[in-house]
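Both of the next two complexes hold subunit A, though its partner changes from subunit B to subunit C.
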Partner chain A sequence: MNAILDRLAEVAADPDRYVVEWKRTHPDRKVAGVLPMNFPEELLHAAGFLPVVIQENNEPDTEGRVILAEFYCGYTRNLADQAAKGRLKIYDAFFLADHCVQLLGAADVMRFKQPHTPIFFGQFIASMSEPSTPARVRGELDHIVAEVERSTGVPLDHGRLAESIRLYNRDRALLRAVFDARREGRVHLSSKAMQNLVKSSMVMDKAEHIALLEQLLSDGIESHDPHARVRLHLSGHFCHAPKQALLELFEDCGAEIVDDDLYHGRRYITTDVREDLEPVAALSQWYFDRNVNVPCPTRVQHNADWDTYLTKAVSESGADGVVILMAKFCEPHMLLYPELRKALEAREIPYLLVETEHAGLPMETLRTRVEALVERISRRAAVAAS
Partner chain B sequence: MTTQTGSTVTRMQTTRAGGQMIADYWDNIFTARERGKHVVWYNGSALNPIFQAAGLEWCHGEAFSARLAAQHLEGPAQLAGAEYGYINELCSYSRTHLGCAVLSNGGGPAPGSETGVVDALDQQELASKLPKPDFFVNAYSGCSTGQQWDEMTYRVFGRSIPIFNVSIPFLWGNRPDSTYMAGQEWDEATDYVVGQLRELVTFIEAQTGRPFDWDALSESMSYIRRASELRLEGMALCERKPTPATYWDWVASIAHINFLPGDQALVDYFASVRDEIQARVDAGVPALENERYRLYFDGIMNWNKLGWLAKRFAEYDAAVIAGRYTHSSFWQEPQLIDPEDPLRGMAQHYLLCPINHSLKTLNYLTLRDCERFEIDGLVFHSTRTCRAFTNPQTMLASTAREHLGIPAMFFEGDVADASFYKDDILESRLVAMLESIDVRRAKAGV
Partner chain C sequence: MALRTMGVDLGSTTAKAVVVDEAGGIVAHRVVQMGAVSRRGVAAAIDAVLDDAGLERGDLGQVIATGYGRRLVPDVDRTFTEITCHARGVAAMCPGAALVIDIGGQDSKAIRVDEVGLVDDFAMNDRCASGTGRFFEVLARALECRLDDLDDLALAGGQDLEVSSMCATFAETEIISLLAEGEEPTDIAASVHRAVSARTLGLVSRVGRAAPVVMTGGVARSRAAVHFLAESLRAPVIVPAEPQISGAYGAALLGLESLQGETRVIGQAVDREHVHTGQQPNGRDCSTCSLGRAKYQPIDVELWTASIAADRRP
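Up next, the complex of A and B:
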């Protein structure tokens, strides 16, 4: 089991190395860099690309620092830095569907720094409740298909697309099995290992990832006694993975993470693409289904909201508290935060807001705050028990 | 060394008087309920001609935030927003307006409570004077925050007030034929927005229980078209050296073109603006006594520092002449408006919002205006809480340097939160840029 987890951790730690190696072994194939969070990778897979969700890297931002202002989220500034340093040259094309103003700012930097690499924005309208949205999203998907066909020079094979959808669904189902087992207390994997499972899935060839997951599940995931004093739900953190040092800190302070709605977590894997629909229509439907399953504040939908989802998820997992991980300067998250706060307070669920940045997290201050949360929850449990 | 000779800006009489039109407009909004009118809150695009034709009273959220900030009355609304949970790095327009929503909805600090803001409760009264809406309409171009913000306003009011979203696609420029106002992407986006405007009209009819008055829309759009032409004629006169009017004069007229009713009074206002500029040209009266530098301003307006900024630049004989916010927005392509069939031209203007373009088009617009107004340098207002306007700025600066050889300066400020200002930085960077203009001129022997 460790060998598999180690392999997934290795890919998660250095996605660029995986991409370069994949290109070496697949000289006739292209790699597409995908920007988060809603682009349907299945389409690119079916056309023969290796779709890779571009990850924040661990290098300090230097050249890119001056391109986007300091009040951008860590992910977008780091993307700008990667573009400025030429790190994104390993990709043959870029695709995105999300209209986040900061993400588009970073995408403009990518086009400015790498003008010969096509960067296609097939905008998925964010207002989900309007009657005109489904047709428009479907129209954008048709444009994306046309762009993919232009890029590969061959028409998209819809049979292959159906196969890619099945493959991606399989990967998601396997990941969900692990996440569900964690929520139900049947496995106790560190939150770092859980993140590696998802992050590697965003990078690796799906068939290879599935094979590793199947092996992992058939070997059985060793369960250790967590010795945790409290059980926490991690919430938020769009587009990029929270730093692993931060995840370790939660566990060091006596918490076990039992569930999450992170993009590098449940948010990425919750929704399957329907296999009973025509495949492009199914991808369009997937976009709408996802926002019902785990609502996202980057979308606007009157009858689905994240705060309701969050409190329900907490009661399902039995988590004692919530850590809201917010990428500093992430506007949709800042806008929704008061509603999350209201919902948690109304149900007396203890919570802690932690803002993250690409570099320079004040770990010692954070440790004190996390310890205080753990203490607060433990004391409450003790009072309730007495 | 660049010296201050202390030019002062000769402010235009017309725009001074125009302030009253805006004050009257807001006073009118405050009494809408007493007059039994339906009130719509909206954000983003200038949908007001549609509201006017539907017999509504319209309240533009950003405009109200801007007004509070310009009058230095934003404190209580921002405080109410902060108490509700909005973090101060969030767009300050939205924080201010959401704070107003909290206050309008009966929330906010209680009378007698310690707020830390001088005269807070009087000011709070103003912020809470906005009449509660009957419904919301959002049509925000370019910036994703704009749409999310109104969804939150909808939630602050307990989801009890209907809301309609018009989604304006971002003009990214995927295809080689995508240029300013041309190409397949432009045509398709136009069709999509027109379709949504028709749905909006149906929504409004359902809200008001009245059939929509298409003739009234045509009429108001014909006034707006004429007002826009006059505004552009005034702007064209500023190509002259020295300029007869400045960017700050155009800023003073933003509210008029952006949300006042399309009627004869609007046309008369812009005719007076144009005429006053023409009179200055005829009499040889410059906007600045001693114009030595011609500058372009990029960024969203910094409403709480307007007068101060105008004075600061003038002190160094720097005439700020044009800008993205004034010259690339607000019915700026009147030829697109066909009063007989107005929706298409309206949709196109919503798409032409200056934050709804990717870098390629913004480079085109910036270089075009810098050449047209013979600009010596660019001033970038790096707006702390408005990423939409700040997005392409460093790249625009390098394009201008590369193509026109002109320098740029950056200063940090904000749309509606004065705490993000660093005044001394503005001054030192301005001096540095003016010096580099001097050096360039000396080298060129000008």
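Up next, the complex of A and C:
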């Protein structure tokens, strides 16, 4: 076993423990809980916070179960449950910049349950192609900077912000190196291990994460030999990590995941912040660049869409099929799904839709559906070859 | 020893086993009804089918397991999902079938297949038992009739009552309330069947409509279920004479193919228009389709329901 991968897996499995331990060793520093998916963490890092993307946990929803309606996605209901149980008290402030209605509902619960923890909400415009959008995004970033300064009581040091941007870019570049190597078949890491790489990055101190990644890459990754019959692209889940049991199921059914556009995957690491611009302007530009590199269904952009991205990604990786992981009741995803489906069907790319929930996934039924996809692809290939 | 392969389908409420010869013809088959995903059921089905075929387990070239409990079947060469196996089995039973609707004890699926039995697309019910055999058991219980009597009851129903709940648990309450309102059991049974068919149509729409339609699984033995499905699809529904064994049959054929190294439509195929001229409608040579010993007679639902109308109970 690889000690570095083990350490990253440990942090990914229990982010709260990492946060508590970090606070113990950094008594003068604060931890900012960040909600997905567009908040520029670099700002918080430069202001001295440890920015941590708040993760769905593995506990069953109990105390907070009834706070949000049944038709909220599993992630937001779990956030409400974590808030109700006091699990989010490890954070000194909360920050978000996305306005999915369900996420706002969870943020409201957090505010209600932790009234003394500041919560800062910057609302990035979702309509990307309007002539006024760049100015409005920049205005919103200035507002966020002001909020960050208000929470620390000191002006943001732009030199430090540039340094934070470099650090985050370095981390993303290292992660992308592993993701690219997987896509090109040069490393065969399990999808669980790939998720741990990104999830730990969302939690850990960036410098510490970078050091581990550099060590990992210079040691070389001892990866398993894939006997997989088919290569799959995982698509969807743009706020929280798919359950690892589900990822293991794909591999257990004879598939190898070769690429993805998950938030806990390529979506999080795809775009660097430009280092040649004034730092706040660069973060503003990053918001636009991100949506071009991996378009998000929560944004509207005339010249970038997820379905085109997805089919292109599949042809680049040579994936034989796509598994769409959709958080149940995730409205933006549900609304875009027919387009994804049309695009995949037009190109005869086999796909499977898997709706996920916080708990109670019907694993045996899912196994049948995933195996059937794998069989469908591999039998077709066998017949075509005969 | 001539080549024989066996397919074993361990479903949620029944175990099925089929032995085929080297031409894909069925040598023996068994359906055993037992408890949920029953290991005893599968052992009984295997023992019985081997007995019928006059074979020992060691005589078999391949044993392939399928069905919900496929991983529980001991000593198999490999497993395939019921999706793949039903598609394969139906392609052999009813060549040219384009859409398979399989409704078993606890699940239902729609599978679009190509001419050699390769799956084009599929959809399954998630975890809700609505529209499955279980659902009809609930209906029979609420109407205080035997499951076998449900067909006649439903086919005698005329009025279309509103049945909104498709959850097996809530539907029972709704049925009881319709009875309390004085509605006729025949109308209730027919209306529930209509609602179930509409639900199945939802599954079909996920893979896209295609024809000919073949229905398999235990529920395909219900005349009423087939009738109302055909009505809602507005298309004939073909039912093989042994609709429960198509998965096990497909598994046995896949075992045979893995030994023979090819995929083609083989087996005891019969389709409605097919005259044994040496050519199947899909243009393939049918010299291997064993028509001389054909056992599977697809049923045209319109003819079928017309014929049963005569002996409807008052």
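To be clear about the criterion, the second predicted complex is superposed on the first by the 384 of 386 C-alpha atoms of A that agree within 3 Å, B and C clash if a C-alpha of one lies under 4 Å from a C-alpha of the other, contacts with A are read in each partner's own complex, and residues count from 1 in each chain.
Everything below uses one rule, namely that a residue touches a chain if its C-beta (ideal position, glycine included) is under 8 Å from a C-beta of that chain, and two chains touch if they have at least 3 such contacts.
Just so we're clear, the structure is a prediction, and the values are computed from it rather than from any experiment.
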>> Between subunit B and subunit C, whom does A:365 touch in the aligned arrangement: first, second, both, or neither?
In response: second
>> Output check: A:138 vs subunit B and subunit C. Expected answer is one of first, second, both, neither. What do you get?
In response: neither
>> By residue count, which of the two partners contacts subunit A more extensively, subunit B or subunit C?
In response: B
> Between subunit B (first) and subunit C (second), which, if any, makes contact with A:100: first, second, both or neither?
Replying inline: first
>> Contact-wise, after the overlay, does A:29 reach subunit B, subunit C, both or neither (first, second, both, neither)?
In response: neither
> Touching A:123 in the superposition: subunit B (first), subunit C (second), both, neither?
Replying inline: first
> After superposition on the shared chain, which partner residues are touched by A:376: those of subunit B (first), subunit C (second), both, or neither?
Replying inline: second
> Considering the complex alone, what residue numbers of subunit A touch subunit C?
Replying inline: 355, 362, 364-365, 368-369, 371-372, 375-376, 379-380, 382-383, 386
>> Give the list of subunit B residues in touch with subunit A in this complex.
In response: 84-87, 89-91, 94, 142-145, 147-149, 151-152, 154-155, 159, 163-165, 167, 169-170, 172, 174, 188, 192, 195-196, 199, 355, 358-359, 382, 384-385, 387-388, 390-395
> Which positions of subunit A touch subunit B when the two form their complex?
Replying inline: 66-69, 71-72, 99-102, 104-105, 108-109, 111-112, 120-123, 125-127, 129-133, 136, 139, 143, 147, 297-298, 300, 302, 305, 328-329, 331-332, 334-339, 341-342
>> Residue numbers of subunit C touching subunit A in their complex, please.
In response: 68, 80-84, 107, 116, 118-119, 122, 124, 126-127, 261-263
